[in-house]
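Each structure below appears as structure tokens.
Next come two complexes built around chain A: one with chain B, the other with chain C.
Here is the complex of A and B:
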């Protein structure tokens, strides 16, 4: 009897988690080769050729990777710094509330907030105008819909950093880093050595899987780059939706090509990252 | 506990299977020849799903607080509104065609020429049905801006709902002499760098069509079927003009707003000095809502701006075609069109021909509340040009991305 329970769990997981995903992937794959699709005329490699030849996908991929990488690095760095410096203060209610509040805000709202605050007609531009730093809206620096994706990265950091602060604080407690630091200090380590040899290695080693998952999550983010991004290059999800919703029905399949490529890439990366570790864990 | 799990799982699976297998065959062909009385009686008591763009409070107010209660009271029809425009409608129809769904989720849709072209391409519309509607007799189908959509005759496959013209929007206090042709535009952006842009959507492409016609030398330069040679020649000039002057565009032409609403915000906060849009610039409600300054005005390009109509269509797999016909007929009634023309409400031009209306309604329309800020359709009439063939739009979209944005 007892062995039955996990089975139904797996069946449900497959039915709800795996089957729809696999079905959608197969659908996108067939669509990308023109096998299905109301406006398509049958199997063709045309869409793959045109996507691979245009270079838009690779540009967009590179752009997305850089943005996600910068955002995750800054968020993790910031969260580590906050954990290290403000651990005690964060135990107070009000401060922790302020820090964790962004976790409850959806991405699309964060995107709008950022736009309202940092656009050329936004809050900070208006304050700068009142204070006489600028005389015209166009003098305010380009922070949203800009080439360097400052707005997108700022939004990502607001969304992701609180999560890492929360995570690091928990790991800090659970891994008893406080006690270990005291121990290291009593053995003669200075505070620099404590940070480099105790604090950082334990926190990072315990959380690196989540850091990479967040990187993948940001790689595929949609709402924030939709609101704050520029028209070219675009982040991957925005590009995919734009291709799929395009006016020229004959080219909708190109959107599916990008979607398939992106899915393959992320799946391969995830497998490469997580599989060997698991085997080792079972072996030991 | 385990039993409950199995039951729940079975239910889940069952619902999935049932929802896939939903099919019903119905012969709707007879509606095309049936008498209006029999259509009206079939429509009574139905629930009609209407997918439309819900991005304007004035439009939502008109639909939710006037149309929905009216059709309920008059015809006992429950009109359900769902949000979605062009691409969403096309995606929905493509998905339902793919899945062979004979009874779709949506009965009627609000579309423009772009979507009409796409839906026609995939046979997504049901019809012809317009001639069956009693109120269609009040429309002047001789007017080519009504009976032709993107150079294609509508042939009763969609019913015109309102007519409008594209206009350029400016603030006469800041810009006393706005540009009216390409050389003037070039001078203007050189004098006021960063205050002009092209939105990468339907609205921006419509402006490009006007510019293309101007480069072609006449308001009618793009009429007729798509001409590859003509397009290549004119578009090369257009991209050269834009790329040569890109550095004077908003953000030095490094990026362009994704859609018109963003451009309108940029105009409202003073970043842009010139904006543009359909509905004669859509100025009235934006001034009344306080978005645009009261000194905003609109005008047509010297060589002309696009005039077109927007339409109501019935989807090929609409479960309640009779109900949709009744609702569309109501939307074309003098009563509903008059309410829609209110300058403080939806502010949209009627498609009804004044000389076909009864005197009482004609007087009402003529005495209706007028716009205080935006230009009226008649003022722009002399500079109206027709929508060119849809291929121009497809190519402009593609080439604007390749030759300007990604350049």
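Here is the complex of A and C:
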């Protein structure tokens, strides 16, 4: 009986996790080469050529990478700062509840709230008008549906930063960073050296895989960029869905090309992360 | 005297944990302090190390008043009860940690750490991460890291408490060898009677925040509150 349990686990994992994903990927691959699809007439490379030649995919990929990178960097940086400065206060029951709360709010709600707060007709625009900072809505800075993706990044930070604060607080406790910091101080480290030689390396090395996974997650985020993004360039998921849902049937295949490219990219990144055998939690 | 502790008092809220602590210690000597859990030993060490501020009193090290000096400026190393190694650094880098903080040239660090690894009988273990070392090896690295910075004073808080009997004995011998080799002045806190007698040039007994330092080991053995007489009676009764 003991030997059967892992087998059942593997079967379930393959059935639930691998088969549907693989089936969807094969479907998208066949669609992208024109092998299946209502208007398609057999194998062709023209959808691939069209996507690669237009540059929309690369523009969208670059735009998504920059947004995800900025959002993850600011979230991780902010969470590290909060952990460093406020960990004692955060151990209190009410404050820990305040951190957990944003984790329960879906991305679409966060996106909607951000829109309500930062749009030209939103809460802060109205406050600014009441206080006399602006005289008409157009004077309020573009914070949603804008080129710099301020609204998207703000929403991502709201969604991701609390998770990292909780993660870092947990690692701080489990890895006994408090005691290690005192020890480092006793060995001659000043406050800055304690942060640079103990606090940061331990936290980052212990959590870097999760940081990268969150980067990949944000790279493929859909709801927030759909609500707060601009017309062009768009983040990858929004571009893919928009292409697939177009009336132009050729565009559907092009949408699948983008989806395949994105999946390959993320899969390669995930393989690079997890394939090398990690013999220990810390790389020397 | 090299270390002079004068009338140190330390309280947490209404509880006075260290009461009028006064003693002195010559350079290159070890004062072992025996005491039960909760008697104020750790608070005393942390106060001397600058990790806690005393409510009153004075600490002089080599004639200099260090009561208000920041811990990183005291050149006093506090060693935890457990072998607390930096988990992101291998054995070599753990030992080199304090030396790197002092911005010592790389060649000298290599020489010092190499020598320390040899003294600690840890050749061939330099590249290993803490989780790849045994309890005894981790404790030795921890020692090496503390001693390599050439501290004025070493504070040891029950350093062998978590080790098995055999490893503990080997570590005691190694500690004696290293303190002699590196001219270390130290305070060695333990709750093990035999260890207190073995490790100290002088012995103190701490109870309810009060420390008694005995001028002679015989006085320590004769004092009924240290528990030595009970031990002698117990082992004698087994004959």
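We take it that the second predicted complex is superposed on the first by the 276 of 284 C-alpha atoms of A that agree within 3 Å, B and C clash if a C-alpha of one lies under 4 Å from a C-alpha of the other, contacts with A are read in each partner's own complex, and residues count from 1 in each chain.
Keep this in mind: contacts are C-beta pairs under 8 Å (C-beta built on N, C-alpha and C of every residue); 3 or more make two chains touch, one makes a residue touch a chain.
Keep in mind that what you see is a predicted model, and the values were worked out from it rather than measured.
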Touch test for A:73: chain B only (first), chain C only (second), both, or neither?
neither
Dominant toucher of chain A (residue count), chain B or chain C
B
Who does A:170 touch here: chain B (first), chain C (second), both, or neither?
neither
Mind working out whether A:89 is in touch with chain B, chain C, both or neither, as first, second, both or neither?
neither
Would you please give the residues of chain A that touch chain B in one complex and also touch chain C in the other complex?
none
Chain A partner contacts - residues on chain B that touch it in the complex:
2, 5-6, 9, 12-13, 87-88, 90-91, 93-94, 97-98, 114, 118, 121-122, 194-195, 200, 251, 254-258, 265-266, 268-271, 393-394, 397-398, 401, 405-406
Can you tell me which positions in chain A touch chain C when the two form their complex?
175-176, 179-180, 182-190, 193, 197-198, 201-202, 205, 280-282, 284
Give every residue of chain A touching chain B within the complex, in rising order.
4-5, 8, 11-12, 15, 36-39, 56, 119-121, 137-138, 142, 145-147, 226, 230-232, 244-249, 252
Touching chain A in the complex: which residues of chain C?
49, 51, 71-72, 75-78, 80, 84, 86-90, 93, 97-98, 101-102, 127, 129, 131-132, 145-146, 149
